[in-house]
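Next come two complexes, and both contain chain A; in the first it sits with chain B, in the second with chain C.
Right, the complex of A and B next:
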């Protein structure tokens, strides 16, 4: 029983990280229709930078904040390169973000080397209902939930948030009422970068990061996001948590190190099921 | 004019293995194998409009099919012929459900296929596990084993020639025209009587067969296979080659593979010079893939070969 609780909380912590990566992809996709393959690179970039800043003696909090800010900046730059040219199709932009993800490898390997990096997170362990878990997992959950609440409030209650939703719903109508759709796209990329960066900064103390960790992060993030059709951040949160819990449970109860494969199979099954459903709907509509 | 260009290119590339210094032959072989895989990607992306981020999975399947059958005593030439068949069958099995997906969904699905395959290969003791498959005999043609690079250079040349010929014929066929129509508008093509789903699966299998055939040559050439021989980056690399050369052209894959391979090779020599840091070769090759891909998609969206064709038309 206490094992179960431990696995659940650990899984929620890991899943919160996936949810952050996935929601970053959702925020970008719903406004720009671009699936950002550089999303995992934002997390790695922020994590590597934070690790380097902590090593120079910068206190916790400041270092993480700087990592997230730089990731947000990287997000805006990605947006400029990917959708800055008017008329770039989402398919071409996808290939550009793939290129940017590989470019991030070159930068990361040059600046920080190709060895895994990590840093200490929240120290100590907490005993909850007989289960001992690392306190840092609780920190991840405690940061992620308010961030999602803020994200929802931002989309529902603020002018830029509403403008982003307007662009997502109908770019043409948004332009008619005077919203700069391209600028909103860049804002979405910046926000996506920050969310990705936050995931990297939060997860690194419990999962060390290498320059190519972005593949794991992006696959899990996409798997979480695809549940909501890549348009609903709330579903990405649920999907990420579910995925994290499922992975830790299976690993905990003797499934070995098959976490990534599980995420991959879930993702494939969900996508095919969605395609089958959408296909029949489309036939009816025709 | 066109025939003469093709013949000249064939003559030059056939003479090259004899003229090149011995140490450059591996680059020649690997370049042609890369071009073979890229030809499949180009067919898939250019004509069928499908993005694959897992093409190297079929390269790996072909390599392992050839390697395993040779290790178990099957004549190597048969092993080489088995490689594309197994890869194509795998593509049919995987493609039947997955080709319902489009665009970025298909891109992620193919990436997932590659990652799942790597994990299966790493854990399967039948495939040598993480250590890999060792002691693959050299390819035997008419009873003589090929032991030097020149022999493999000609095998790779022949394989690429066959693949380009098939591509050319597919593109000019009824199925090829149907696919091009489907890449433009699937509904319109289907309404016009094109069996879109079937054709998409056939092209997927054909592109996998190309990759599998190249993989078979690779297995005999190196004599060793491991999961590490087929990293995810290899799948991305062939996409870069296809996009840079020009999607949906016959010569694009060769040009793309040549440009990328030679550039990476040149930078690799620069990066391994004394005094350069140990990470330099890796960082330089990542930068080449990334910058070329981004520059081509942004400024030459149709790739090098179509751009050059337009230029030549403009000047003549």
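Right, the complex of A and C next:
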């Protein structure tokens, strides 16, 4: 019983990270229709930078903040390259983001080397209902939930948030009310970068990061995002948490390291189900 | 072109695959004028509309708003300069309430900016409140006050167009472009629309009204421009245009007037 609670909380912590990566993809996809495959690179970049900054003696908080800010900047840059040219197809932009993700490997290996990096997170462990779990997992959850709440409030309650939603709903009409759709796309990329960066700096103390950690993050993040059809951040949160919990439970009870395969299976099943449903809708419409 | 024109289109042409949709059209609207734009199907009304609104760019010719050239600007820049657009098709934002739709219309007029919005600074709150009040007033004018908190996609089609009008008004336009605002409206709604257009004109908003319903245009417009096959074939007061044999010919040639 106490094992189960431990696995659950650990899973929620890991899942929160997936949800952050996934919601970043959702924010970008909603506004620009681009599936951003550089999303995991934002997390790795932020994590590597934070680790380097902490090594120079910068205190916690500042180092993580700098990591997230730089990831947001990397997001904007990715956006400029991917959608900066008017009329770039979302499919072409996707390939550009893939290329930028690979380019990020080169940069990260050159600057920080190819060895795994980590740093200390929130120290200690907490005993909850007989289960001992690392306190840092609770921190990850405690940061992620308010971030999602703020994200919702931003989209619903502020003018730039509403403008982003307007772009997502009808870019043609958005232009008519004076919204610069491309600029909003870059803003979405910046937000996506920040969310990815946050996932990176939060997860690194419990999962060391290497330059190619982005693959795990992107597969899990995308699997979480695809549950909500790549358009609903709230569903991405639920999806991410679910994935995290499922993976820790399977790893805990079944042993073995098949987490990535599970995420891939979930993603595939969801996409097949969605394609089948969309197909039947089309047939009915015909 | 006349000095002090609110809208001046000069020598505008636009071709699609070698066929001119609009050919060498010039059009000058005085400030506060309500101009009707009519013509048989395929006359180029919608293309001209899009050239002014920025959905299309002219191959040649210029478009000026209060003397400023806008023909090379994208639609969003034109909107921020004061061009409001109401499309014939329902182009609202589903997934947002009616009120939120109208509030987005003020996007081009907001000044507090992204940082203030995110940090929820007092300046942003003040502006947000102001826009909310303005949006409610615009909903009241277009007869949508009772729908404010409903999702936009729940509105019937005619009301979705009224919503677009409210959204455009919330942006406080100098020039309002209306594409067939009366189509699909019932008689009472049509009356309300014509009263609202008259009111807006009294407030000094310049309007270009593209309309299929010739009788409606003749009733509300100060002046009427007639397009046929991409060219201006007549222009003048409603009475003059109605009596113009060239106009009668164009309409009879393309079927009876609507």
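Some points to look at:
Going forward, the second predicted complex is superposed on the first by the 285 of 286 C-alpha atoms of A that agree within 3 Å, B and C clash if a C-alpha of one lies under 4 Å from a C-alpha of the other, contacts with A are read in each partner's own complex, and residues count from 1 in each chain.
Going forward, contacts are C-beta pairs under 8 Å (C-beta built on N, C-alpha and C of every residue); 3 or more make two chains touch, one makes a residue touch a chain.
Only a predicted model underlies this, so the values are computations on that prediction, with no experimental measurement involved.
In this overlay on chain A, chain B fits alongside chain C without clashing.
In the superposition on chain A, A:232 contacts neither chain B nor chain C. Of the two partner chains placed by the overlay, only chain B lies in contact with A:105; chain C stays clear of it. The angle formed at chain A by the C-alpha centres of chain B and chain C is 100 degrees to the nearest 10. Of the two partners chain B and chain C, more chain A residues are in touch with B.
By the document's definition of touching, of the two partners only chain C reaches A:170; chain B does not. Residue contacts after overlaying the shared chain place A:60 against neither chain B nor chain C.
Note on the superposed arrangement: chain B and chain C approach each other to a least C-alpha distance of 20 Å. Residues of chain C touching chain A in their complex: 53-55, 74-77, 79-80, 85, 87, 91-96, 100, 103-110, 112, 114, 117-118, 120, 124, 127-128, 131, 164, 167-168, 171. Put simply, chain B touches chain A in their complex at residues 51, 53, 97-98, 100-105, 107-109, 111-112, 115-116, 119, 187, 232-233, 236, 239-240, 243, 279, 282-284, 286-287, 289-291, 293-294, 297-298, 301. Residue ranges on chain A touching chain B, taken from their complex, read 35, 81, 85, 88, 90-92, 94-96, 98-103, 105-106, 109-110, 113-114, 215, 219, 222, 226, 258, 260-261, 264-265, 267-268, 271-272, 275-276, 279, 286. For chain A in complex with chain C, the touching residues are 154, 158-163, 165-166, 169-170, 172-181, 187.
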